[in-house]
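Before anything else, here is the set of structures, which you'll find just below.
In what comes next, chain A is part of two complexes: it sits with chain B in the first one and with chain C in the second one.
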Partner chain A sequence: MKTSNSEVSAQANARGARAKAARPAEANNVFTIDGREIPFEPGQTVMQAALTAGVFVPHLCYHPEFRPHGSCKLCTMKVNGRPTTSCTLPAAPGMEVENNTTEINDKRRLLIQMLLVEGNHFCPSCEKSGNCKLQALGYALGVMSPHFTLFYPVRPVDASHPEMLLDFNRCILCELCIRASAEVDKKNVFALSGRGLKKHLIVNAESGRLADTDFAPTDKAAEVCPVGVILRKRRGFAVPIGKRTYDLKPINEQADRFKPLTPLPKEEF
Partner chain B sequence: MTAPIRKLRVATTSLAGCFGCHMSFLDIDERILKLVELVEFDRSPITDIKQCGPCDLGLIEGGVCNAENVHVLREFRKQCKILVALGACAVNGGLPAQRNRLDLRDILEEVYVTEDGLARGSKIPNDPELPLLLDKVRPIHEVVRIDYFLPGCPPPADAIWKFLTDLIAGRTPVLGHGLLHYD
Partner chain C sequence: MPESSLETVAVILGNHGNNGTRLMQILRETQEALGWLSPETITAIAKGVGWPRAKVEGTAGFYSFFHTRPMGRYRVLWSDNITDRMLGNLDLMQTMCQKLWLEPGRVSEDGLVSVDTTSCTGMCDQGPAVLVNYRAITRMTQERVARMAELIQKQVPVAGWPTEWFQVEDNIRRADILLNNTTKPGEALKAALAREGNQESAANARSWREGVNAATRGPSAVLEEIKKSNLRGRGGAGFTTGIKWEACRHAPGDERYVVCNADEGEPGTFKDRVLLTRQADLVFEGMTIAAYAIGARKGYLYLRGEYRYLLERLNEVLARRRDMNLLGTNILGHSGFDFDIEVHLGAGAYVCGEESALIESLEGKRGVPRNRPPYPVTVGFLGKPTVVNNVETLAAAALIAAKGGDWYRDIGTERSAGTKLLSVSGDVARPGIYEYPFGVTIAEVLADAGATDTQAVQISGPSGVCVADNEFGRSIAFEDIPTAGAFMVFDYSRDMFEVARNFAHFFAHESCGFCTPCRVGTTLLKNLMDKIGDGHGTQVEISEIFQVSHVLQMAAHCGLGHTAPHPLLDTLEKFRPAYERRLKYLNFRPAFDLDGALARARQMTGRDDLAAHLGSSE
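Presenting the complex of A and B:
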């Protein structure tokens, strides 16, 4: 897929402008996204700097309160011509980054379609509908179809817990619940098991059932799932369809930039 | 007087769907009067024409759950220049596809043989007139090429209207926030 002429010329202009302008030393912590100058603080990733500057970056496995994971690939940008996950890449002066281009968004649409066909995503019967990041990104990027052949995997739900429900049909393996349960709740309730196509989320109990863990609805892990896997029981339709988070405003108009961004510890890189 | 324009010929059908998408289509209300100035209907539940003739546009509600669905879908693909998946079931199988994790024979046994309250001697229907059920319900893009997808359960009338008016005006249909819905 070729970038359009206007995208190409915008980059050329940005390149020329930078070559001419001699910058004072303190202004050097700047890179460009789609030709726009983005300031950053040392230690910030490209994604954090972008979100701080109000640039919309599609992401699913990134959460501002956790270390980046780099697994969903939706945040991929082209940095100096190479596709890279922007949530894991430390920002550096002078980087030339492409984000909102047809080429990159086409790839993002494909990623969303692959996630949709790998699980069972029947939004009309999903309690997360309207609050779901996968769905909202599909809307924002204009994903109209699953495109691929549907897998229709068989993944029984775990309704054993008195207050919480696990519907594995919608898991996108972002590991946010795993990270939250291990790092914040210190409980290690969740884990991934298997490889490749067989990879799936499991519950760390001998029985494999959520009821046999110390998982609680107040856990951090109970609130981080970007899709409709970890759900509270008896809360269905508390907010009606049509009045939910991304029904009101598209996800690109409510990016994570208003939440505190944690700079990464140095040893991460 | 302006010269009469050739009306677009439109066919519609419901395969493994609930007719909800057709109801949503009718929810365009009085705009249908404007629409019939621009289009005429071929095979459709609205006309009760049984065979699809050559058409500009075909709207398919529902996925495929039996052999007849596949036959009708192929007939539409042959006759329609542009074929559209209308609604969640056509797009990803939707509610009927919830049976995909179950064994077909088990379902039939339970519904017609072992379920409580059945008439005595009730058995699985086996009339040659009945279309053969498919092992799994599939979305229509897995059977024929689809030109446009209009998700939603059902797609809102305004989305159907926007889609049709864009298409008739020769624009690439774009739904945008509020009209593009998977639920």
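Presenting the complex of A and C:
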């Protein structure tokens, strides 16, 4: 299979950006998003710099405590005219970035709609409603319907664990639970299997049941799910609907909530 | 799990040093021995390599050729490229299923056999092709289908089947410098070792590993020839080889790798198969020369699973080269020049042709393209600087080392040096491999291959470009139509909508699923094409195709997603009537035929009156 031409020019761009960065005249670390100047620290990605400056960037697979992942593509921006995943792109001086434009938000809306038809998402009956990033972004981006024909996949829930429930119907494959379990909990409870549309979350047990893993409700992996897959049993409505995080204020007015931590998560290859 | 199976797994694990990065080979060999990868087997392998069980299961679940449920003692997979379709593979598969009392995709009740389709197996010039237990069989006919069904029912082992079935022809129709190559094994290497750099060429102090005397100018001299030759990558992207090698050579770190990308998955491409059959020495020599230039000690040839039958032959070539001291330590007596090559077998995943996905797969993981930068030349296999080159690129590099960059640069056009192998298939009298200097026109290729009444040519496979008859004057070159090698010809009897629909199915099947737009978008495109094909399409679906395509092109993670819409957009632009004659209605229609769904109920109740039909009762 070939690499697309745009990737080749991406390589050229990256080289160009490095060359620029070396020049002292342009060494002040600033770029622009939608015309607004954004300062950045060397090593920050475009998205981290934006969030630090209080500019909201739609995202699902990003989490301030973890290294960027680049899979949901909600954070796609145009950098010097080229569409790029902003959560994985290192910021460079003088970049001209488009973020909150009609063209980009139209595409982001379609991405949300793709996720909505891929799984089984029924907000009115979901106990994550109001705390769900997918739902919140749907509202923020003006998603009025799933638009595409629903796939209605068959995804049985896993209620085997005494404390926790896995409802795979809502999984958007952001891999945050996988990363949290591997990097923070050091347990590797979660992983992916299958390919393409058949890709799905699995747990680390021969039986395939969560109860047969060493998963615990105190794990980091138990709290990072942006949607309603990993749920605590008997806790669903402790905070009533209407009083939840994104009920109180739209997600796009809460950029501070997602500010990157300093120091930044270390890069590992 | 029986004791004997556990022992088998233990032996295989031992052969691979319980090394998780060798997981692909461990899984393949285990499956070859035990038939499938049961949950207990996966647990045993995970324990053996010391990886989380779920990670091993994740790798096993990613590749089409690994199965985590039993698929029968005979697994028949029909290559389902459009060229196989044109040769009637679906009818043949249907006959086979009837004879075996099977549904495609299902295992027979007695667990004996399963029959299904698979992505192009690279036998387009001698289709329809099948894989039986991952061994390639070509030129299927009704007669062979009947015979094969019989052999399966009688449970004759595949090893005892007629040998002529497994015959794979090279079908070389036009040869040039690569296919006519007569340099002997080691000749190019000797020439490379003899090369002395000029005064300006840097000595080896910086990036060349410590084993070789820092004053040796040989490696940089070879690199200079490669750069002078203007050789560009033959995998499709056309990156300048000399620049890639140089970047890897200068990358920090004292361990480097050379990887030959023989994961020839692009439907309609089969030139690497022929190169590896006819010129394996030249390819390995190219790898060795790359290793010499960048300072690598280890190389891998990533061979696609569909070419499993080549594994033993390639290993024989490697063994012979070791005997000749063309591999191993102190190669050709050159102190400190150590290099060896290993063949790594893939397991049915097109996306692994993407270089970073290929590296992930080499490391025993799911074949998912990495985030870039960093690029493999700095952070590649096991995090070390790695050069990944196409089979044809490396073969050309060996010739350049032997004959010099100036010699090579004079072949082809000014901006595209050298020759290109084309895999010609479809509606031509003489399908096979054609090697031309760059700059050859499409019309010339068509004439040589004996094509008549040609409607279109799909160049470089589904991810490439579909060319209509008013463009046949265009040429094969990086400055006009670049190609990885596929050249599928369609005459006027062919329906270009069905061509595009076949490709849409291909991409949906091969998407790795990492990013949202490709994972969902390729299936949306497939469904839209099916809806139009099934007669429920309207202008709404056409505009949906454009909308989804734009999301893929804008936001997909890698080349697979970016190029997946190409066949649809090309045919919509150039063969619009093929779509429009299928649009029967002006306004949106649901894909689901509600009245049709009642047919069964009507049949069961014996009713066919007006009231038993939807719409008529209004």
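The definition used in the following text is that the second predicted complex is superposed on the first by the 229 of 269 C-alpha atoms of A that agree within 3 Å, B and C clash if a C-alpha of one lies under 4 Å from a C-alpha of the other, contacts with A are read in each partner's own complex, and residues count from 1 in each chain.
In this text, contacts are C-beta pairs under 8 Å (C-beta built on N, C-alpha and C of every residue); 3 or more make two chains touch, one makes a residue touch a chain.
For clarity, every value in this text was computed on a predicted model and none was experimentally measured.
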Touched partner set for A:Gly130, first chain B, second chain C, both or neither: first
Chain B versus chain C as contact partner of A:Thr76, first or second or both or neither: second
Which of chain B and chain C A:Gly228 touches, first, second, both or neither: neither
Which superposed partner A:Pro58 touches (first chain B, second chain C, both, neither): neither
First, second, both or neither for A:Ala205, with chain B first and chain C second: second
Touching partner for A:Thr149 - first (chain B), second (chain C), both, neither: both
First, second, both or neither for A:Pro250, with chain B first and chain C second: first
Winner by number of chain A residues touched, once chain B and chain C are compared: C
On chain A, positions contacted by chain B and by chain C: 149
Of chain B, residues touching chain A in the complex: 85, 88, 91-95, 97-98, 100-101, 136, 138-139, 141-142, 146, 148-151, 153, 174-175, 177-178, 180-183
Complex contact set, residues of chain A against chain C: 1-8, 10-11, 14, 68, 70-74, 76, 83, 85, 88, 90, 107, 110-111, 114-115, 117-118, 148-149, 151, 172-173, 182, 188-199, 202-208, 269
Complex contact set, residues of chain C against chain A: 39-40, 42-43, 52-55, 57-58, 60-64, 68, 235-239, 263, 265-266, 349-351, 353-355, 366, 371-375, 379, 383, 460, 463-464, 484, 508-517, 519-524, 527, 544, 547-548, 550-551, 554-560, 562-563, 591
Interfacial residue positions of chain A with respect to chain B in the complex: 116, 121-126, 129-130, 135, 138-139, 142, 144-147, 149-150, 152, 154, 241, 247, 249-250
